[in-house]
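Paired with chain B in one complex and with chain C in the other, chain A is shared by the two complexes that follow.
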Partner chain A sequence: MTKFNPIRIIAFGVLLAAVALAGCSQKEPAGMLRVGLSEEPRTLNIWLASDANSRKILSKIYQPLYQHDPETLELIPWLAADLPEYDPETVAYTVRLRGARWSDGAELTSSDVAFTAKLIKEFRIPRHYSRWKFVTRIETPDKRTVRFFLKNPKAIFRSRSLTIPIVQQKEWEDIVRIARTKEKPLAELLNHQVESPVGTGPFVLKQWREGAYLHMVRNPYFFGTGKTIAGRQLGPHITDIVVKIFGTSDVAILALKKGTIDMFWWGIQPGYLDDLRNQDDIHVYFSEKSALYFMGFNLRKPPSDDPHLRRAIATLIDKNFIISRILQGFGTEMYSIIPPGNRYWYYPEVEKYGAKLDRESRIRKAYDILTEAGYSWEAPPIDDAGAVIPASGIRLPNGQPMERFTILTPPADYDPHRAISGLMIQEWLRDVGMPAYSRPMAFSSLLQQVKGRHDFDTFILGCGKLSTDPDYLRIFFLSANDKPRGWNMSGYRNPEFDKLATESSQAMDREERQALVRKMQEIVLRDVPYYPIYDPLLIEAVRTDRFTGWVEMLEGIGNIWSFTQLKPISRDS
Partner chain B sequence: MELRKYIFRRLIEIAIIFFVILTVLFLLFRLAPGDPVTRMVDPNMTPEDAEHLIEQLGLDQPIGLQYLYYVKNFVTGNFGVSFHYGQPVADIILNRLPNTVLLFTTSIILSALFGIFLGKIAAWRKGESTDTWMTIGALICHTVFLPWLALILIWLFAYKVGWFPLTGMISAEVWIDPEAGFLEKAWDIVHHMILPLGTLFMIHFGSYLLIMRSSMLDTLKEDYILTARAKGLEEKTIRNHHAAPNAALPVVTSVGLSLAFSINGGALTETVFTWPGIGRELVFSVSNNDYPLAQASFLLIAAVVLLANLVVDVLYAYLDPRIRYE
Partner chain C sequence: MMGRFVGAWRLFRENLIGRIGLTLLIVFALMAVCSFIPPLIDPMYQPMHGVDPEISHSTGPSMKHWLGTDFIGRDIFSQLLAGARIAFMVGISAAFMSIFLGTLIGMIAGYAGKTVDMALMRLADMIMVMPTLLVVLILSSLFGQLHIWTIVLIIALFRWPGVSRVIRAQTLSLKQRPFIEAAKVAGASHVRIIFRHITPNVLPLALLYMTFRVTSAIIIEAALAFLGFGDPGTVSWGMMLQWVWKTGHMFQAPYWLLPPGICISLLTLSFYMLGRAMEEILDPRLRQEGASD
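And now, the complex of A and B:
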């Protein structure tokens, strides 16, 4: 008699069920694009959505008046019918709308645009308010025309204010009315749960099953369908987008290879490349990012308040080494604060410290800079015979020994590139006898120390997604922004820069502004409050067997142009 | 009567301990560096925006006042709104907790049943090859690095062989299909559950096997086992009815506490398998300085663990007549 053995029976049952289920094929309509995300979107409330994943979803639903051309990055009328008209007499912009409809079928009108702007101003919505606070009055002469009156000329109005997503007055006016009556109206507005956002974009949300997937379907009222905008015939030709969440990149890459998803909408680490390149039906895209990874100095205290020391440190940093060894070649050396991919504003003719020098030459040059500035050593890095030797005991120009010089970085589990770069820079600074110590610390602590307390020598941080408008150059270094939580983290104060920055923000002529922005880049790289290091390449991978037509631009292929132009590949062909 | 008094006394102790935890949690999160606003690395976020947001979140209030609101809200059952999601914390927990309980509780119950069963056999066959292999297997399973095991199982059974889905709890393709019925959806969940359940089972059952084996070996040396043998009882009866029930007592403690801790899920398991449970949320909420969500999650865990301790202690008295509460 056979003995009852529960292990065998359960194992057999599991195997049987698995095999049976493995045979069940999952249905995937030809027009359904399946996208992988690394994390679930935070919210569908556009005003709370400060995370990248929420913005990815919402950018397919809510649309702005203007988009950026994928090649030139010029403004392209989107919900607007043409470019805004500026009247210097009244300091007013006039925008005319094209005929567009919301996803509920209602017409987009100038009232919706005015409502959006007034909502931002009234509730002082973080991240948006600074782009609208200088608008004093909004008129809607007819349902297709909006006129914005500005307190004074603002260059960013075209590129930063008119590119915010427009919301429907009908959807939001009741929410706004209730929020106004609350003790904390902004909190009330941000905490409002949006379940079915009404937008003008190519897709509309059908279902969000939290923790599992989002399902978007084609918006039948999308204004762009069949139209040619910026020389591109728009669809969308895909019927659905299903967004799946993957907790780790490892599994997302397996899903891509297996065909469970058609695109992984997240930057891929170079370590996966060899594996992906061996797959016939996977294509890897390399895009420039609008990002800045940099070393920031604290100009409020010695020794980093000395520009000579900052220039010497800049000379010692071997960006080529960081790109080739730490980023494995997938990055660009940065010499200015504006990334090279932002071609109109980028100015390459700035001071390039230590460019193309070898290790010894860097040490010699840094030694010369420091010696001229009055630094001395117990054991200098260059001996009497001119040879490079281990240095120690560096002294400041006032004769005091240099104290521990700390380089704050995020921890390796947050960003290994910045953590390892910090360690390398530590070693390079020690080559000239500086008592440098790289100190990885939790990201929140790092930001609090740098932005809040201003208690640091140097830090390595990154801005992963800078706007195409260069106004951040002004924001980062304007004296007025040197305050707790302010973006002038270095405490840089230069009246010459402030004057240029203010002029640039008011220059309505693009070429005039370009000249001012170039001059600002020159000054920053002369004084080195920040020292730009690298701009990593964005690596993205897609399957090529189901869809074609991805559009490459700055910041990758996950742009509105791709999603409105992608076409399913006919299975018959 | 003694038991009632004991339970009453323990409940008062639990209430005091819980209040201490409530306070310590509040202080820990306030002492931790950063705040929910500092993390927003966006040049469009001006200092004025940040101050306004902090004021709207109530974080500009003196810490004593914040604490009073915190206690008052807790007592009235208001766990607040998540800073990160903008959703009521209770909704987030209620949404995620059943997924965690489903996976982790099932895995603990299954692994405990198998661990007790196999541990009993291993101890009974001490020194034989069955015991050796079971002990080695249990040690390997117990010490293996969970994310590594999970990824290997995913690679083998989901990617290479294709028996199971890669990750997640459900397949979008099944759930958005209007023709899919209840059974198909239920099977879909079971199908997704097999790999994470298998991983957790392998990790947990080894420890139960080892505890049971060790306890059983001690029990087998007891006088009443010798007495049973002297009475001429069958070996199987001695093993299953005299030794095993007594030896299982330490496992009961372990299972009870594991069940309690299972509500916090496992951040690693949930991350690798993209299982939408409370474990991942707990880690996110701490790293995002989402105080309301993190506090509520920890308080929930504390409450369940404290009560589970009490239940295990009471259960002991029923399982072991020698134990009396005075």
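And now, the complex of A and C:
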């Protein structure tokens, strides 16, 4: 038997105390913001970054010439000194740069801006090229002035082209030179591994341990420090950002509750709300999204090539059910392609199919639309006495029975809202005897089937980040974009719409453009190639005991204004 | 034959584990049968798309909803009953198919021997080392969400090798017995010997393994559904767990989280207990061992 030894007991006590002290000393510095992300960023190459997580990180490093004001969404000069000057005679925009430095200390010059634009044009960078292909020439009269010459007037140039991130010529020119010599220059450029991105933003990357965390530190050369832009005094006042990667929302929310992270940078499901609201040091933000969640139809083949059928389906979809139950009230019904939050461009007077109707009235109305269009049934949804009954055996106007009608959705694992909406819509379509089947499938396969092969009846997809400029309306439905991997996924072809769309993209007068965009919305909702369903609210949660100053904005609080204005709360207070 | 069955039943009744397993199984079978009743009472009890018109969020148990409602107001008890039906369907059909394949291949390999035996057993080895869940996950991500019967078929195709090995060993032993020699001398064909003389002797063993295969099939289906690769058109217990997880109710709604989890555990346990009891009945050595305790 072991003898009682007081020295051992004392040694054990000392050891425990040491461990406890070590634990105390590991407390993070007051200026370190700890952020939770649900997934790892895929890349630090700004030209490849198409996933939300990579863009979140890179948006704090690479900066554009103009940002949007968090309240008015108007353009605010950022790397630019003031708003662009337009010369209608030469169809040219002149931009003056403010004095800014890269994170390596070098000066930002007009050559960097011109280099970025030329790189996009030369390599036809996906997602950016369409915004720059109409720029014919770029001049740099001095190191602070850039002049862009356009082929013809383009309304989107200010809001879409001038808001792309600017990269440093010194960092990229060698990479570009090597890429040019390769057989596939674009692939070479996109596959380039960027380890230490050089930017003009408030933070620079210090370390990235894949699968664990990213550590960013304050950029000492950030141009905004101490300046007032858009009436906001900029810092940043935080010294470090540590981005921790969590596999699931559950773990991240537990970490938030325990105080291991200060913010979870991802939309939260409404199911967590009750629990989070009961926490003293947690605040939940609800932000509008500039998003469109919609049902798209394949206009290239029957039966969805028939506008009557599309209108009947639109009538059957109960948006109120989807918003109040599936989204738990955290969203708004959408009736036009442009979200209602985008007030200037949104047109409320479009056709609102089935608005405020109950289920039976929807079935009756859809039945009327289909009967008038020549559809018939073995057992129609309305009997001779006018009562709604189970329907079956719907036949197309040509007398053929309708074949299996598939609704493609992302899987519940990816987005439970869309997957369950698909299931409910399946049931609503069956109410009028349509052989509808909801089929959730992996997101990449879904995109391939819809965008690549055009092999579908309908699909439910979402555009999570629509720009405030309504040019996407033109892009989604222009006949020229009906091609494999093109943006016109429905295959909508309407010369009247094409004409209006082209005119709208060239209209430099804002009111004239507004009228054209309204007419375009009216046409789209008349022909229903897409049927808008909802725009969800973004729910985000932060701790309130360490930092203050989150800026609410369209698309949430993780914006550049928050990260440049957040202030640590004094420990003493 | 009848006497053999009566004897086995008497032994089974004496076995406590077997009795518990059978009782649990009867309860779940009743649940599966009763799953058709709630939608007949009111359409809101339809497990997939029936919703309570007055409830649009997750609520706890009440008189109207014995186990509460899920996040859109669907009745959890109705879903639980429908889940029992799916669990039985998946478990029994996948197990039956895998046992059928395993028994057939095992008997052919054991009886034919030589090259046929070697080829079939190497195939069995190759399939046996493949992780079923992983393969189904990969197939699902390649071909989109799989239908429930496709999942059943895949489980069956990957779970036969273990059975075939045992049946082959039994067949090898039976092949040397005098009654097989006698059948050969009497001019019986190979097919007749396999199906007339060997099958009845390996069938009890195959049925025993079937109970274990049911367990693994139910667990694989539940895991697939929980991970988001199940058939979205069916209400299974795994799917219920996925909904509770993905909608953020994991720690907020125990009345929604616990029932499907407990049911998966108890149903698989019941089949396992049944298997253990059958094992003791079929193998007298185990029985004696148990008696001496």
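The criterion applied here is as follows: the second predicted complex is superposed on the first by the 548 of 573 C-alpha atoms of A that agree within 3 Å, B and C clash if a C-alpha of one lies under 4 Å from a C-alpha of the other, contacts with A are read in each partner's own complex, and residues count from 1 in each chain.
The rule is simple: a contact is a pair of C-beta atoms (placed from the backbone, for glycine too) under 8 Å apart; a residue touches a chain by one contact, two chains touch by 3 or more.
Keep in mind that what you see is a predicted model, and the values were worked out from it rather than measured.
In the superposition on chain A, no contact is made by A:Asp87 with either chain B or chain C. Once the two complexes are laid over each other on the shared chain, residue contacts for A:Ala419 go to chain C alone; chain B is not touched.
By the document's definition of touching, of the two partners only chain B reaches A:Gly486; chain C does not. Within the superposed three-chain model, A:Glu349 lies out of touch with both chain B and chain C [touch as defined at top]. Of the two partner chains, chain B is the only one that A:Arg127 touches; chain C does not reach it. By the touch criterion stated above, A:Asp281 is placed in contact with neither chain B nor chain C. Within the superposed three-chain model, A:Asp250 lies in touch with chain B and with chain C [touch as defined at top].
Legend: residue contacts after superposition of the two complexes on their common chain; A:Glu372 is shown touching neither chain B nor chain C.
The wider contact with chain A, measured as residues touched, comes from B rather than the other of chain B and chain C.
Within the superposed three-chain model, A:Lys184 lies in touch with chain B and out of touch with chain C [touch as defined at top]. Counting contacts by the rule stated earlier, residues 250, 442, 445 of chain A appear in both its interface with chain B and its interface with chain C. Across the interface of their complex, chain B is touched by residues 6-7, 14, 17-19, 21-22, 26-28, 34, 42-43, 45, 48, 50, 124, 126-131, 184, 186-187, 190-193, 206-207, 209-213, 215, 240, 242, 244-248, 250-251, 254-255, 257-258, 260, 442-445, 447-449, 451-452, 461, 463-464, 466-467, 471-472, 475-476, 481, 483-487 of chain A. Within the complex formed with chain A, the chain C residues making contact are 48-49, 51, 56-58, 71-73, 140-145, 227-229, 232-233, 242-243, 245-253. Looking at the complex, you find that chain B touches chain A at residues 32-35, 37-53, 55-58, 81, 84-87, 95-96, 99, 114, 117, 151, 154-155, 157-159, 161-177, 187, 190-191, 194, 198, 270-274, 276, 280, 287, 289. Residues 249-250, 253, 268-275, 324-326, 328-329, 411-414, 416, 419-420, 423-424, 427, 437-442, 445-446 of chain A touch chain C in their complex.
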